[in-house]
Every structure is written in C-alpha cells, then in structure tokens.
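Here's the structure, in structure tokens; my notes come after.
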C-alpha cells in the first residue's frame, strides 16, 4: 500500500479552488440586480469610510460655536450640530466606526460560532448535547440586552462593543452551523463518499465544509447589518462608543434633544444608518438568491 | 348524456415569449380516448392543462381555438369556464398524494364538487360519495369516508382522485400520467378502472402517457408530440405498431420489449425551446433530413388513416 | 474468519448457491462474490411494538461477472436488500458474506478493498454527487483514493472515464447543477467505474428517464458490464429492463425472494404466480390490458400467516394459509418459494 501522503487528496490547491469558486459566485451574483444595488450602496459607504480624511471637508471634532445648529447649507452640506461640528464630516467618520464594528464583531462571532457548531454537528452524542445547552443559554437573552450586560461589565469603548456583540452572535451562528452540518450529513453524497472508502477526515474537509460555507456566508452578511444597528443602539443608550468619537448612534442621541429645532442633527446620521442597512440587506439577500440552488435556476 | 368532442385548431401557446405549443391541431371525436405521447418538454402536459382552461393569460399567450364541445377555452372568460371545470371536464393528476389536500378527509374531497356544482345537501353528498367510492373499486367505502389522504396507499389515493374527477359525470376526462407513480400491478387495475368508467359515461378521454405500450393498450387514438408540435396522429395501433414519422420510429425502437435484441436510442437531444431550429424541429436528429427539412416546416398530411408531418413520406 | 460450512435447512442443490468450504486464496474463483444466507432484516415500528419485516429468509449468491436483477414492487425490500449487502444496514439475522468474510467484521484493509471492488450507483444520482465538486474532481476522487493512477495521469484517466460513458470532455469543469438528469446519471456511472470495481450495484438507475435517454443508459450499462466482465446487481421494478440487462433475475415480494433463475426462462415460463402476474401486468405492444392481480400489497408490518402472497393469489389453497414457503431449488438454475409452482415439478427444462 502506498504511503499515506500519496493517498491524501491533492489535486487543485485550495487557493485554486477558492478562486474558481469565487469567480463562479461572482458570475452568479452579477445577474442579481438587488445584490448589485446593495453592493453599490455599501461600496459608497466603504469608500466614504476609508477616504474620510480626504473627503471630509472639516475635521470631525472641530468645534465652531459660531456656526452651531446651522441647517444644511453650501458650507455645511448636512448642517452642524450643537457644538458646531460639521455633520457631513462626522457622518463620514461615523461610517468608519459603524463598518469596522459591524465586520469585526461578525467575523469574531463567526469564527467562534462556526467552531462550536461544527464540533457539535460532527461529533454528535454528548459533546453535541453539552455544546447545544451552552448555546441555548446564550440564545436565551435578546442580543441587545446581552450586549448591554457585557458593556456594563467590560466598560465602554469600541473594542468592548466589538467583543460584546461578537459574544452575542456566537449563539445564532453555532445553532445555524450545527443545523447545516446535520442537514449535509444526511445527504446521499456523504453516504456515497463513505461507501467509496473516503476517510472520515476527508469527508469533513471536502464534502461537509464546502457545503455549509454558503449558508454561513449568507448568515454573516445578514448579521452585519444587525451588528451595525446594535452598535448604534448601544451608543445611543450611552453604553457603546465614547464621545467625542464620531458615531452615528451617539450623534442621534445628541440630536434627540434638538429634534424640533435642528432635526438634521439626528436626521442625517439616521438617514445614513438606514441607507447603509438597506444596502447591506439588499446585498445579503441578493447573495442568498444567487447562491441558493433553489432560486438560481438550476436544472432539476 | 351528451358527448363532448375536443377540437384543437392551430393552437399556439407562448410562455415568456417561447412557444411551448406550436400550431397544434387535432380532433378527438366524442366518446373516444386519445393518448398524448412524447418525451419530457414536448408539451403534452401543457396541452392537457390548456384543454382544461388551466393555462390562461396573463401567464401565457394563446392563439387559435380549443373547442371542448361548443365552448372555446381560448376565448371564454373565467366565469364561463369555472362552472365547466369538474362538470364538463374532469382532471386526474399524476401524483395523487400531492393533489389531495392533507387537511381534508375523503368525504370532504368528494363533497366539494358535488356541493359546488350540483348543490347537493350533506346527506345526499354522503350517499353519492359512497356510490362513487364503490364505483372506483374501493372496498368498504363507508369506512373510508373519514380517512385522510396520508392514511391511504398510492393506489387508493389515485382511486379517490378518479372518483372526484368523475363525481359530476364529465364529458371529457383528462388524465396526466395517472399511473406513473404506481406499481405496475396497481397500474393495470387503475387503467382498467379508468377505461371502464369512461366508457360507462360515454365520455371522451385524453391520457398523457410516456409509456408507448400502455398507450396501445388503453387508447383509441394517439398523438405523438415533439418539441411543442404534433408530428404524427392517428389510430393507436396503427401509429405505434407501424410508425411513419422518424421520431415515432425512434421512440418505438428505444422502447423496451421483452425480446428486444438491442435498443436503438434516438441520437442527439431535444433543443431548448428558446433555440428551436427553423423548418422541421426534428431535422437535426433525423437520419433522413434533407435541405428541405431544415428550411420548411412540414405540415400534418394524411397518409391512410394517419396524419404525419414529414417531408420524407 | 472461518469459512462458512453452515448446513442449509432445505435442499439447495448446486455449487452455485452454496459457497465452497475452502479458504485458500486460489479457491476465490469458485467462491461467489456475495453470499446471503437466510438473511432477515426487521425494523421496529410503532415505538417498538411491532416489527416491519423488510427482509425474510433471503438466500442469494452472486458470482463474478454475473448480472443479477432484483425485481419487485414497492415494499418488496429490494432496496433494503442492497443496503444490507453493501453493509449500510446490518442484517437482523442470517449471514452476509463478501467472498469468505462478513462485511460487518472487516478490518480496515478489507474494508478498503471492499469499497474499491463494490461500487454503488444511487437511485438519486444527483443527490449522490457533491454539488460543490466539479465533474473532474468527482471522478478523480476514487482514483486518488485507491491510488490507481499517479497524480499526473489523473486528468487523462478522467477523460477516459468520460469517454467510456459517452460524455464530452468539456463536461469536466461543470458542476452537477449544470448537467441534465441523463448526464448526471452518466457521471454517477463513470464514478462507479473509476475505482475499477468487480461489482456494480445500481438502484433504479433508469427510472423516470425519457425513453430515448433510458435506452442510451441501458445500452451503456449492458456494454460496460460485458466489456469489463463486471458483476452487476440491478434493482428495478421493470421486468423489461431486467430482461434487457441481466442474465439472472430474482423476483421479490414483501421481503422474500419468490423466484430466481435465468431471466429469459423466468419470464417465458414463470413458476411463481406473482411473477406471472407481474409479467401480465406489464404493458406490451402485442397484448391487451390485463388486470392480473387484484387488491393491494399488504403492509410488511402486518404480514398474513402462511404464504405472504396468498391474499392475492388465485391458486391459493388451504396449505398456503398455513405454511410460509421458503426458497426451494426447482432445477439446477431456478429456485422458487411456492407450494404449488405453476409448472409441474416433473416437467422441468433446464437452460
């Protein structure tokens, strides 16, 4: 019998397969108008965030009491707030914190949640039981409440917001991944591979994992918008990012008291938040439609 | 019992711009059975559904005439068609377990057409339901009235569906692959039952089938469809035992028979509906194809008792 | 593993149906590939209160290079039988042997050899392919797994396999979702061939296909089986397919093999009333519609006492209600499980 290293599957390298897979996904994605529109919006915000120092007409924390509470004008496209800070600039910088928190918390929650879900789904038995009871515990709390509790314990600040949100995402991810793993395990091609003599480790790597990747990515995409909304919520409640960091939640909180006099103070960041969320949701839905075998028009 | 005939004249059905049925014409005299034969995608189920008036604008565009008795299904409005469905025309679907509502008992299923179309009272419905179940060969019908579809075997479910279709004594019965999902011994029972009931009512029937041998056993006439067109049509025994159109010949040569030496499949595949060749649609796969075949579409022409659409006859 | 020397209760005459008792490697030729001895398989239903007897008293052998059709309607147990043979389910009773050993107690090396020598084509061909693997990857997997070719030779082998099943080479980059039903089945056949097996087990591989596509696939399977000398077990409900593909047929009813023998003989002169009813029910061009069998198939969890077919059998007698007939040898090549077979015992004509 040949050495084990020869039998271990080689073939196209993981990178080649990944790029081929991405190309194919991209081609599918392009056909979805929804996804394209969503991606356009999100891209606009990403550009705004990345190039904020270049695009913002004013430094975000520059206070100018002469121009405080001005409505939208030629000098201040979105007006100014009660400290005279330019809202447009703060919205650009706020995009930074929003996007960063959104992606980072979801990425972290994903890594931990997927690991837990994979272990539970593949092992089964007692391991699965114990892990799922832990997950049940995590899921028992509404995400915002749990995040608030963590912030109270960990203290304020952007990094803690990311940690708190990540923790509240572990439960949903773990549960979804476990369900996906169980579903894939029951499909005929898994049994067929086993029957062919494929070793268990290879079955997981080559047959199970690639088939749960899409559902996970779609979930992740949808979670990002939830994360951003939650982060803004936390900041709004004063339990998130610390002032004077430009953050949409904080800006809405600050503008709350001036709604009748200067509605743009809360309105502009609120509009930005809503737009970004719509863009993210469109993108996630379009991704799901593109990747879901049922809706992408595969042959029966 | 007056009889309805089916007369289809130059029927073209378009869905999303693609012609699923292309210039289909056929005539089924009253009291006869017709088998629609063809492979998947040929349009036979579509034609059957169109005859029931179940495929209508705006999902599709219809041209031509489809006469069931004296009603033109193509132009008749919904309010004219609705009272006819179930009364003049009855339909039996392929998958009985999907066609029956799992929330309703057998009695509810049977009562629906009786109450709606005949206005029978509850007691009268029950009596008639028992009669119908007995007529479709269900032993001890009274005990079955309260059964739910999932409690019945496949053959039983199909019998219940036949009973429903026949409840108001239709003049035209349409069956879409009524026995494909059943075991072959049950298939024989069900087909015999269908034929018996249809003849008892003096009704006409259209069977959509993919089994050629079954078609010779159950149908008076046969229409062979390919890519949305009728390529051969005539008495069943004649068409299927002495096929004239190359496609029909190909089907016959691919069909399994017990003493077949070697099956001869038809070369090539059916072109997609959106990319149909001009001229004869079968030409790309036909060994006899000539230049004329690719250029001109052959019309159905009479050869003895059979109509065939082929230039090479 | 000690070779099987278990005596069978009823006279089973020939070497075809009883494994020889030697465990010397050279005797492998005479050893059937598969031997099933009085195999039973029951599933608990109703929370364990009743047993669904999916298989009962199965006796079957498969020789190298032989093609066998398992024919039966729903509830006959043919799919269960195949799963038990492959080791996907374990028999509740009786013995399943591959060569001289039981799959349930294979060592890792034996298991690997079994996986290579026995290839299974699923009924749901599309479901049996990983949707995330391209055709080339699907076909390369078994080749790599059993180290049948060097890494550099694999693309050529994939092309070879595609050619064997009549698929164009540009299919290699496609994914199962981009292929038609007929093409997917061919890929499944190609994958089965990829590990160079001795036995191919196929479950209803041509059901639900258009007539022409079915004919192509049947021709392909028949040619492959003959060209490569493969043994084949083909599960089907269609007697015509069985006749076309396989030299031997085993007809099943409610978990019991009711008749076996050379296909032509069995179909031309059936011994068991069920086989005859099945023959007559099949649509034919040269015969009218014939309702050969009344009634429904009884439930396998509620089998009648005595012969399981008696509720539908026109020849059923008093004795049939009392005794459940086991498979008995009728002639050198044929067996039947019936107390009153259709042709009198004396008038047998061996093939």
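Order as written gives the chain letters A, B and C; numbering starts at 1 within each chain.
In this text, contacts are C-beta pairs under 8 Å (C-beta built on N, C-alpha and C of every residue); 3 or more make two chains touch, one makes a residue touch a chain.
Since this is a predicted model, take the numbers as computed values, not measurements.
Q: Can you identify which chains form the pair with the largest number of contacting C-beta pairs?
A: Maximum number of inter-chain contact pairs occurs for B-C.
Q: Quick check for the class: compute each chain's Cα centroid; which one is farthest from the centroid of subunit C?
A: Comparing chain centres, A lies farthest from subunit C.
Q: In whole angstrom, what separates the CA-based centres of subunit B and subunit C?
A: Centre separation, subunit B to subunit C: 35 Å.
Q: What is the distance in Å between the mean C-alpha positions of subunit A and subunit B?
A: 52
Q: Listing for subunit A: what residues touch at least two other chains?
A: Residues of subunit A touching two or more partner chains: there are none.
Q: Identify all positions of subunit C at which a residue touches two or more other chains, and write them in rising order.
A: Expected reply: 180.
Q: Mind listing the subunit B positions that touch subunit C in their complex?
A: For this pair, the touching residues of subunit B are 39-40, 153-156, 183-189, 191-192, 195, 210-214, 216-218, 240-241, 250-251, 253-258, 260, 262-266, 269.
Q: Quick check on the complex: what are the subunit C residues that touch subunit A?
A: 86, 88, 109, 111-112, 114-116, 119-120, 122, 124, 127-133, 137, 140-142, 144-147, 151, 154, 175, 177-181, 195
Q: For subunit A, which residues are in contact with subunit C within the complex?
A: Within the complex, subunit A touches subunit C at residues 1-2, 6-7, 9-12, 21, 24, 187-189, 191-193, 195-198, 206-207, 210-211, 293, 298-300.
Q: Name, in rising order, each residue of subunit C that touches subunit B in their complex.
A: Answer in residue numbers: 73-74, 180, 210-216, 218-219, 237-241, 243-244, 267, 277-278, 280-285, 287-294, 296-297.
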